[in-house]
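As written, the chain order gives the labels A, B, C and D, with residue 1 at the start of each chain.
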Amino acid sequence: MFERLKAARDASAQKTELKRMLADCDELIRERGQSVSVGIATRVIARFNKMDAAARAEFYDQLASRYNPNLDEIDEALDAYRKFQTAEHLVRLVKSSEPPRQELLRRINRAPSGTGIVVRMRQEILARMKSNPQLSAADADFEHLLSSWFNPGFLELKKLDWTSPAHLLEQVIQHEAVHAIDGWSDLRRRLEPDRRLFAYFHPALPGEPLIFVEVALVAEMPKAVGPLLDRSKNPNLNKKDYKVAAFYSISNCQPGLKGIHLGNFLIKRVAEDLKNEFPTIKTFCTLSPIPSLADFLAKGPSWDERYFTTRQIESFDQDVVRMQNKWQAFAKSGAHDDTEDIKAVTRLCAAYLAQTSSDESRRCDPVARFHLNNGAVLDRINVMADASAKGLRQSFGLMVNYRYELDAVEENHERFARGEVACSSVVKSQIKT
Amino acid sequence: MFERLKAARDASAQKTELKRMLADCDELIRERGQSVSVGIATRVIARFNKMDAAARAEFYDQLASRYNPNLDEIDEALDAYRKFQTAEHLVRLVKSSEPPRQELLRRINRAPSGTGIVVRMRQEILARMKSNPQLSAADADFEHLLSSWFNPGFLELKKLDWTSPAHLLEQVIQHEAVHAIDGWSDLRRRLEPDRRLFAYFHPALPGEPLIFVEVALVAEMPKAVGPLLDRSKNPNLNKKDYKVAAFYSISNCQPGLKGIHLGNFLIKRVAEDLKNEFPTIKTFCTLSPIPSLADFLAKGPSWDERYFTTRQIESFDQDVVRMQNKWQAFAKSGAHDDTEDIKAVTRLCAAYLAQTSSDESRRCDPVARFHLNNGAVLDRINVMADASAKGLRQSFGLMVNYRYELDAVEENHERFARGEVACSSVVKSQIKT
Amino acid sequence: MFERLKAARDASAQKTELKRMLADCDELIRERGQSVSVGIATRVIARFNKMDAAARAEFYDQLASRYNPNLDEIDEALDAYRKFQTAEHLVRLVKSSEPPRQELLRRINRAPSGTGIVVRMRQEILARMKSNPQLSAADADFEHLLSSWFNPGFLELKKLDWTSPAHLLEQVIQHEAVHAIDGWSDLRRRLEPDRRLFAYFHPALPGEPLIFVEVALVAEMPKAVGPLLDRSKNPNLNKKDYKVAAFYSISNCQPGLKGIHLGNFLIKRVAEDLKNEFPTIKTFCTLSPIPSLADFLAKGPSWDERYFTTRQIESFDQDVVRMQNKWQAFAKSGAHDDTEDIKAVTRLCAAYLAQTSSDESRRCDPVARFHLNNGAVLDRINVMADASAKGLRQSFGLMVNYRYELDAVEENHERFARGEVACSSVVKSQIKT
Amino acid sequence: MFERLKAARDASAQKTELKRMLADCDELIRERGQSVSVGIATRVIARFNKMDAAARAEFYDQLASRYNPNLDEIDEALDAYRKFQTAEHLVRLVKSSEPPRQELLRRINRAPSGTGIVVRMRQEILARMKSNPQLSAADADFEHLLSSWFNPGFLELKKLDWTSPAHLLEQVIQHEAVHAIDGWSDLRRRLEPDRRLFAYFHPALPGEPLIFVEVALVAEMPKAVGPLLDRSKNPNLNKKDYKVAAFYSISNCQPGLKGIHLGNFLIKRVAEDLKNEFPTIKTFCTLSPIPSLADFLAKGPSWDERYFTTRQIESFDQDVVRMQNKWQAFAKSGAHDDTEDIKAVTRLCAAYLAQTSSDESRRCDPVARFHLNNGAVLDRINVMADASAKGLRQSFGLMVNYRYELDAVEENHERFARGEVACSSVVKSQIKT
């Protein structure tokens, strides 16, 4: 009885809070005094922090509908500009068509901890977008602004190692998305002198890494991830042996920054830094998962005629038939017995990755698209490279080395944009029949 | 002869450079690969640094005309959105009406030292805007983006003192705009423990202060600037004597950030910090120049009927008549002899400041508008407060204390926006007749 | 066979190394060029690092015998000074009686990483001193110099928390000697905002804490250690509740610094700092173990007649008889059932601590002597305060609060030096019969 | 009248203060509680800061006489040790012969700002030693301890440049002893990228440089100091041109550290650092003054037969006769006209420096002894190298390049200790007749 009363009272309090929040937002948009607006924004943030999930959901809906541009004003400004073609009318046209929502977010961003709140709001909007597609108008404004604010020129690259603050290392343990870190002693192996960990930070989110990459400095392009993570192996301290920098993990820490592509900047920046520090390192590559491979192959793969000849496609189909009933076994124990089976799986994997398209409407492996679009080369398929349960389930244990030739990335990227995937001669010969 | 040849060759080289610059800019806007675009932006910056004034002038003209939105696309997007009202169409409308110039600047900003270049471009555009008003369309985009990037949430407030890096202090000496600093020993007085100097920095311009404010911690609201700057006076080290924080100088260091109002944030942030550090300080005020006073009075002042009664205006006019032939003498030696003259000048000054309007189309003293719009109170007019040549010439030696009551600034600001100037009772009685 | 050969070859190599080491040491002492001597010292350190345990043992023996003062020179200098009483002869006397070993160590200390080597040498000498008491002459020189070098004026006090470098926190986990830290999440509780951890560092050993103390900021003087270490308890973030700073653990990290008393400086320095940071904290106390209590009581305690009356001693003896066969049970489950038993144990503990002597030849509880000599007051005995196996075994679960009244420590220390133990009235009444 | 009374009262107050100071010092030496002793030491420092020059003079006299070792105790300890030869008796002997003054200074050093006070005391003692030679017994203890505390292992080497804290640069301006710095813009030339300034700091004197060295990175060994200091010359930013690191000035900042030879460590440490940073730099040299040359030559030079043949000495004497009446003129305008005169002066200078002795009882040029004892080579005499008034007066404008071959310094130093001066072939041929 009392519980119900309390819930009702809470709900009513939340409604009041939401109403005030929207009133504050309205005022914040109108306010012309810049420093006064910081006070209002601070109030908005305090209210937001008190609001429960339901109130926030309602707030996001309002955000998406309430702060849209006035169409009549655009019309008028457009006519005027067509007529007079002056700078003044152009400015008016541009202003009238920007959703007031953007100015609202810019002003929230000015208050202390405002940037973190904007990132948080977007994280929650993204989570609700499937059930409410209309939110995508608001999301576009968030993405537009965050992409402007989180540009690489404003970010700080930090090398994290065993002398780094514990609270930062703790977040690395939490956010590692590719090869889970099993506590502090596991982390420590990844911070030894022959390993590197770099993270991007934004000045307005000082204690929170945005994205980080893990690199192994090794003598040869790595064939498997196990040895890279093996705690029992002593670090190789002989710098002269470092010939290859292998990026074996890259993880985002901020779901609210989805679509703000920091990974490509991070990889190239780190590669440049390592090149300067270690003149002996000539090869920059990844050891990457193929998260979508099992899904693609097991569900009956389809081949893109723009990338392959009819004969190739026939040959792939034969391999598919050969493997038909074996996928489940492979997903348990990986490809390590029958040589012909291994060949078939490797070829199918190579073919799948070789038809990766830059066209975002087509389904491809996301990791492949990321690296190929960055200008990397599809260099080598490695069998039994990730023997973890996740690795077997996703890709039958296969992993890929994408190679970054720093002088060729721009050209490779352009070719990829035109529909061409850069493959090493080994991969090419695996696909050819 | 040779000289002329060389000049012709240079001019032709500059033309080629400009052509390539524009081609690079076109490519930069089109480019979809984010990290590839950093390479192009880096090239653009290198070209810009090589271009001479003439080539840059031409570049700015192109910038203002070449990267405007496509009106037909806006029209189409507007119609579609009117018809379907979906988020997708709204996003399309917003995108189509943003000048591609904005995306160009955002991408230049991503490259190393890009932020500095964007600020520099704007500085040069502002300098050319009088002769070419069409540049204001480009300028609006610069201001829009810079205001988003240089928001106070991204800035770092640093206290500068005698232990600060010399290259930063050197810039303070260079940029002090209100009371010139005559070398290092003069600076040192302003960095003693009873003086404070705070500056804002942006992470992408690490060695360059954006704006700084100088504060004196004193026992009483200061009546004159001389004692504050006097090198021979020993600093007062007894913190218990600090009752008043007097902001006696605020200077911008970046002409390219004109209109990005950082001063108001700076003053309030510093006031809050000082309040926490020194609980005995209850009064926050300025000692401010009145740069436009002599100009206003000597050229025959006009009074705004919305602020004064007819009787008041008549009385002001009598004072004007009384002083008519004395302005030149006052501008040389200041108001320090005839009591009636002093009263008249003080009253006229009070009346001039008391009709300060928030409406930017009206002419007012800029310093007065700045502080009153920030929510300060017009507290006191001080006679012979700045006896420097500049002080006498600009305002017959008069200076003003604007007072910031931290709890009342928001309300004062709103009243000022509605046309009301907050005056102390002393100032009110000076104006009353 | 081969193994034996190799061992023989190694032993011979070690002998050669030792011979060279001693030759280098001889040269190092003689050398007058200061910067040249750094080169020799660097060589000495390199040799030391290559020497095995046996060679080092031999080296330490040589160190103790080879570099002693020349007695005839002392004699001569003494005579000359008696005769002439000049400053010059005094200087000669002082020089002749200082063991050359001190100069040798001072010169090793000048080379890179020399300080660490000297500390390490002493650690190894201390470990061998029981079996070879002659080493104590060398040890005296080490202690003399280290005490001069590791004086508090040269040390840096650092607050460690969750933002501190991981490699420092790792050493805290390793060296905690009082209440073991069970991994990183256990450590984290001790670094929450209501806990403090301070460590001393020396500039020549930058990554190595020398000693650290752990403090709990709490509302009342703590009665038991369990709640202080409990990970499940949320930190108390309300600073106004902090009335007591309880030092619940103090640990040395450098065995080679034995006898260099840093703990007393550390406690007072930290107490001063906390007093300034939290004006509400009025009480500074410890929650300390009594490591020698069980040993003292179970083995038939003896009472010092200078501290107690005959009647008191008779009463203590009755208690001892009462408890005679119960000690083993108490060491397993602690004093928590029979009220009379608890009273008896508490009284015996109080009496034992109250006869703590500053005379180092007398056996006392070392923790009690440390705090009482620092000027603390024996404030309260807590029953079942440390229920760990170690706590029960050492002191039947009892712990003590020593209280530091910052204004009285000097006086208390002097009284303790004269044979008086400062006890609270509660402790006094427990002892009285 | 009143003045005299006040003076009498002050003098009496000072006497009381001195008496209390000595009583505190006595207590400080006796005190066994380490942290208690910090309190007493703090009191001693406070008294010292209040004492006037006369009281301090009296204090230093007491310091030199009051805290000497007890001769009977030494005697007794010596006998006991002779008889029993145990470690224990050796320790007693060593302890008894150390002046209690040393322990007193060590304990003052433990208090906050104690190190600075000890350095200050020694500075004042040194200034009084000429008039009171008995102070040298106290001075020996100061030097002994300071040399142990200010060893290079405890010092921090800092590179100072235009981004360094102003208060440090200010001290560089004040303490430059060789080529005076004329204000901040003059300093700035010495901090450009082709100049280096390195200073040693001690952790207990954080804001005070101990000694600093100025280095020019140039293409050739410099012949004159003028071009190195010339503000109008632009810095050479092309690192590939740096072939020579020329140390053109080295200055002590702490008179109280006289005799604590830091300069040699500083030069070698800086040379090593520069060698690593600039692999193209192969030559490390100085451009040094010869402060005693004019004095030596003008007052009738004497030649050391151990360094020269009779024929050489005859030839030098002829040159001396030739120049006899010209010294005054040379000291005004330098050696720049008559070729034969120049040859003669250069040869005499070379000969003077070539007879520099490591034996401190012999008079030599102090700068020459410093560098030759460090293992440098006397490489080249430069005519009209320092045309300042001071340069002409001291050495007729001559300066010397001493060259440091890093691999040969140890050997050169040893040869110098044996009485041999390392000269370049050019210098040798100048001396030869």
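Going forward, a residue touches a chain if its C-beta (ideal position, glycine included) is under 8 Å from a C-beta of that chain, and two chains touch if they have at least 3 such contacts.
These numbers come from a predicted model, not from an experiment.
**Student:** Between B-D and C-D, which chain pair shares more contacting C-beta pairs?
**Tutor:** If we tally the contacting C-beta pairs, C-D comes out ahead.
**Student:** Would you mind pulling out the distance in Å between where the CA atoms of chain B average out and where those of chain D do?
**Tutor:** Taking the average C-alpha coordinate of chain B and of chain D, the gap between them is 52 Å.
**Student:** Quick one: chain C and chain D, Cα centre-to-centre, how many Å?
**Tutor:** 39
**Student:** If every chain is a node and each touching pair gets an edge, what shape is that graph: line, ring, star, complete or other?
**Tutor:** Contact map by chain: ring.
**Student:** Okay, in this complex, where on chain A does chain B touch?
**Tutor:** 32-36, 38-39, 64, 68-69, 71, 74-75, 78, 81-82, 86-88, 90-91, 93-94, 97-99, 106, 109-112, 114-115, 133-137, 140-141, 145, 147-149, 151-154, 156, 203-204, 261, 264-265, 267-268, 373-375, 409-410, 413-414, 417
**Student:** Of all residues in chain B, which touch chain D in the complex?
**Tutor:** 162-167, 169-170, 183-184, 207
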